[in-house]
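What follows is a pair of complexes built around chain A, which joins chain B in one and chain C in the other.
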Partner chain A sequence: MIRHIPALALLAALAALPFALGQNPYLLNALITTGIVTIAAMSLNLLLGFTGQLSLGHIAFFGIGAYVSALTSLGFDVELVGGVRVVHEPWPPVVGFLLAVLATAACGYLVGRLSFRVRGAYFVIVTISFAEVVRLVALNWVELTQGPLALTGIPPFSLGLPGLGTTTLRTKLQNYYLVLVVGTLCYALIARLVASRFGRAMRGLKENESLALSVGINATRTLTVAAVISAAMAGAAGSLYAHYLRIIDPDVFLFSTTVTMVIMVVGGGKGTLLGPIVGGLIFGLLPVALRPVMVPEAQWMVFGLVLIAIQFVMPKGIVPGVARLVTRRRASAATAPRIPMEVRP
Partner chain B sequence: MSDTPILSIEHVGVRFGGLVAIADLHFDVHAGEIVSLIGPNGAGKTTAFNVMTGFLKPSQGQVRFRGTSLQGLQPHEIVRLGLGRTFQRTSVFPDDTVFDNVMIGLHRQGRARVLDTLLGRDRAGEARLRERARDLLDWVGLSGRAGEKAGALAYGEQRLVGVALALATEPAMLLLDEPVSGMNASETQVFVRLIRSIRERGITLLLVEHDMPMVMEVSDRIVVLNYGRLIAEGPPAAIRADPAVIEAYLGHSSAALHQDGAGRTAATETIDA
Partner chain C sequence: MPEFLQHLLNTLILGGTYALLGIGLTLIFGIMNVVNFTHGALYTVGAYVMYIAVTALGLSFFAALPTAILGGLLLGAILDLVLLRPLRGADMDTTMLVMIGAGIVLQSGTLWLFGGVAKSIPTPFPDAPLQLGPVSVSWLRLFVLGAALVLIGLTYGLINRTRLGLAMRATFQDHDTASLMGVNVRLIYTATFALGSSLAAAAGALLGPVYVVFPQMGGMAELKAFAIVILGGLGNITGAAIGGFILALAEELGAGYISSGYRDAMGFLIIIAVLVFKPTGLFAKAERIG
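So, the complex of A and B:
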């Protein structure tokens, strides 16, 4: 339980934050989108940090989640090859969320199966290509996705139980807490996975693959399961994004968003539970701080400089760096009183 | 000792392009034996291990373990059949504690599926694994190091972690790749006792090793490789006196010396050393 204290403290702080900010809508909006991208960064960290595989097309899962969820709740009417007409009546956004998770999990399985046979650089290339293909589909299958005209009028989430009535999440405050709840669930899920037999298999493969194989760990299976869970989480984040913004276009597949997620994970500390959250908050809110003073293009340079500065001071990222400082201080506090006695003649 | 061998190397050959790493290797290991595979550097010993454990596909021949052909099996499938191994150099997961290393090694002993983990249904299984990890560390004599990072341990202790990891797979047979390299004389003696205790628990052992006194002390039988070929096979006493072995280690003239008796002491000492 003690090792969860920093996470619980952070959760309490985040839960109280909207009130501390006086429910400023501009800041709340920034926090919500930051929270959504942070969930995606957490999912990326499951692959990059815990299995050591870099998915540079991670935004594909996010975007697929957004489109699946949006189309499920908007409905569509398309004609497929051979004159087959598919008509779908709108379903509630919650169903869209679940379908987004399932669809992206299936995509994660496919990408994992295809590419983990080769690993490393090949995995990076396969994921980039996958993201680009999906973006082109979203851009060009106009009948389904409206292409660059964007899907508009996506309904907001509505939650409720049969018999107890439903609430539609229209306010920013409600959406903030929805993102916080989903983020907390994702955190708890990753924490549990990492501490389990499955988590040990991932770490083993990352640290010494031959040795991991020699104790009976199935590399392809372990990495594929990690990709499935990671993709499903990114898909969940995409669904949150679609129903919060209520408009999506093929720009959700922008490569630069993947880069932002990688920066969040690496800056915060890959392979740690809190790393992507700390990195996500810093790099997600940095544009808010920079917006009054510079244009978005210049912000990218500041991103780079901040990342370099972090890596220079704490090469493994903020969370491992701070953890090391704390243990060192504790160690020196424990030994400090003894030193004068030894020096005394 | 049963008549059918636990491990059969059947005319195995390995070629990397034009380079012949193993020409034609053929020998058996019987259940309960301690067999050592020796030979000068580059003789093909580690290559042979890699073939037996599925890390390399042989260009010819095959390996049988407990009557099953290992042809086409992946490393993680072979270890599930009960054939464990250690590695010559990187024998640990460096960023994890010694205890967590063994927990990773106990992968096959755990039954928890990903879904059980997510629903928190594997507490009892985890407790059982931790118990087993403590037993294994006790066995190899690393209990006092359980909380330390494996990558920070002395080289000799890392080898012990490697052995604990291999034992965690509950093998019927264990392949040890240069287990005492980097150990001093007293550590080696402790390791010899560990090897015997492993055998006492019914695990067959095949070693690759350069430490000749240790090999002579511990082996029931020795197989000698040179340039990818088997040049001698037999009990330690016979190997020590085998002219082909002495020639392989010391060159032709020394073998001649050995033949006429004048160099006997010098040559046997070198093989011993």
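So, the complex of A and C:
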């Protein structure tokens, strides 16, 4: 229980945050989008931090989740190759969310089976390629996705309990708590996973793949399962994004969002549970702090410089860096030699 | 049939610059084990140096090209000295992230300096295309092909015929042994990165006048360079040269016979296909270069 105290304290602080900010809509909006990207960063951390595979195509799962969820709730009418016509009537957004999770999990499986045949540079490049192919499909399959014209009028989530009626989440405050709940569930799932036998297998592969193989860990299966869970979480984040913004276009697949997620994970501390959240809050809200003082191009230059600086100054990230400082201070306080009085002049 | 011939001719012209891009990237990867995420930014920088040289400095088109190549060479050397030299021996993910950061800084810096409006580079070539029987080609594109082939030839000469090239080949095979034999490996790394960067800048300077120049032009070029390098096998220079032409052919045929919207998708489909059927690339990873 004690090791969960920092996370629970953070959760309590985040739950109280909207009221501390006086429900300022501009800040709430920044917090919601930051929260959504942070969930995606947490899912990226599962791959990058715990299995050590640098996936630079993670935005693909986020975008697929957004499009699946949006199309499920909007309906579509497309003609496939061979004259087969597919008509879909709109379904509730919650169903869209579930389908987004399932569809991205399936994509995670496919990409995992395909790309875990290779490692290192090959893996990085194949994941980028996957994201670009998906972006080009979203851009060019105009009949389904409206292409650059964007999908508009996506309905917001409605939540209902039997006997209590339904609520449609229209306000920013409601969406903030929705994101917080989904984020907390994802955190709990990742925490359970990492502490399990499966989590040890993942870390074994990261530390020393041949050693892990020699003790009977199935590398491809372990990595693929990690990719499936990670993709599904990114898809869930994408669904939240679509129903919160209520408009999506192929720009959701931009490489720069993947870079933002990577900065969040690497800056916060890859392979730690809290790292992506701390990194997500810092680098998600940094643009809000920088916006009054600099143009977006300059903000991106700052992001790039921060990414470089992290590798030089704090390669393990903020959370492990701070944790080490704390333990070192405790250790030095406990073992510091007492300076004898008479030495002083 | 004339249509197909025209596609083949276009392939040849596009393929030359793609080969330059790919050779630069594969050299850096093969010798330094660095995945260069600034390659696209250097391509953009080459195009902008060309633009400035022709418009603001008033240099002739033919003098502007070497200026752009020199610009890429210098910027590459600086990037290596400032960012890569202190990280020598770090794992590949670290250098990759640093290179991504540097790429963002360069691209956003270009956007900040020049704005997002696309610029076109004036050329001294006549507008009327050259008719070759059933096909036609602009003089500018012919010049681009010629210049690309000359640069590819010079790179091959440098690697196979000079002492620097010998040292690069030795470093590629085994940098420890090369170091023991008196090769200044640190210098070779800097030279390699500068050479690879200058080739990216050259590709940008050559394709910039054909299309238009804008700050994000490097993003797609970089991804294509990755596709070419994977196709040819990481670190394989001849593979990258051939890969450049194969990618150009796939794009031309894809755009001509499937849909122009999916032109840029060809590179990625090639990557995915290569990884499914032959993960080492078409020509396997070279044990030696040259």
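For the reader, a short list of remarks on this structure follows.
Here is the rule we use: the second predicted complex is superposed on the first by the 325 of 345 C-alpha atoms of A that agree within 3 Å, B and C clash if a C-alpha of one lies under 4 Å from a C-alpha of the other, contacts with A are read in each partner's own complex, and residues count from 1 in each chain.
What we mean here is this: a contact is a pair of C-beta atoms (placed from the backbone, for glycine too) under 8 Å apart; a residue touches a chain by one contact, two chains touch by 3 or more.
Please read all numbers here as calculations on a predicted model, not as lab measurements.
The larger set of touched chain A residues comes from C, when the choice is between chain B and chain C. When the shared chain is aligned, chain C comes close enough to touch A:Q311, but chain B does not.
In the superposition on chain A, contact of A:A219 is made with chain B only, not with chain C. Of the two partner chains, chain B is the only one that A:N208 touches; chain C does not reach it. Of the two partner chains, chain C is the only one that A:V262 touches; chain B does not reach it. No residue of chain A contacts both chain B in one complex and chain C in the other. Listing the residues of chain B that touch chain A in their complex gives 53, 55, 74-76, 79-80, 84-87, 90-96, 100, 103-108, 110, 112, 114, 117-118, 120, 122, 126, 129, 162, 165-166, 168-169. Contact residues of chain C toward chain A in the complex are 29, 35, 83, 86-87, 90, 92-94, 96-98, 100-105, 107-109, 111-112, 219, 223, 226-227, 230, 234, 259, 261-262, 264-265, 267-269, 271-272, 275-276, 279.
Chain contact summary for the complex, chain A toward chain C: residues 52, 54, 114-115, 117-118, 120-122, 124-126, 128-130, 132-133, 136-137, 139-140, 255-256, 259, 262, 266, 295, 297-298, 300-301, 303-308, 310-312, 315.
Here chain A touches chain B in the complex through residues 189, 192-193, 196-198, 200-201, 203-204, 207-208, 210-219, 225, 229, going by the rule given at the top.
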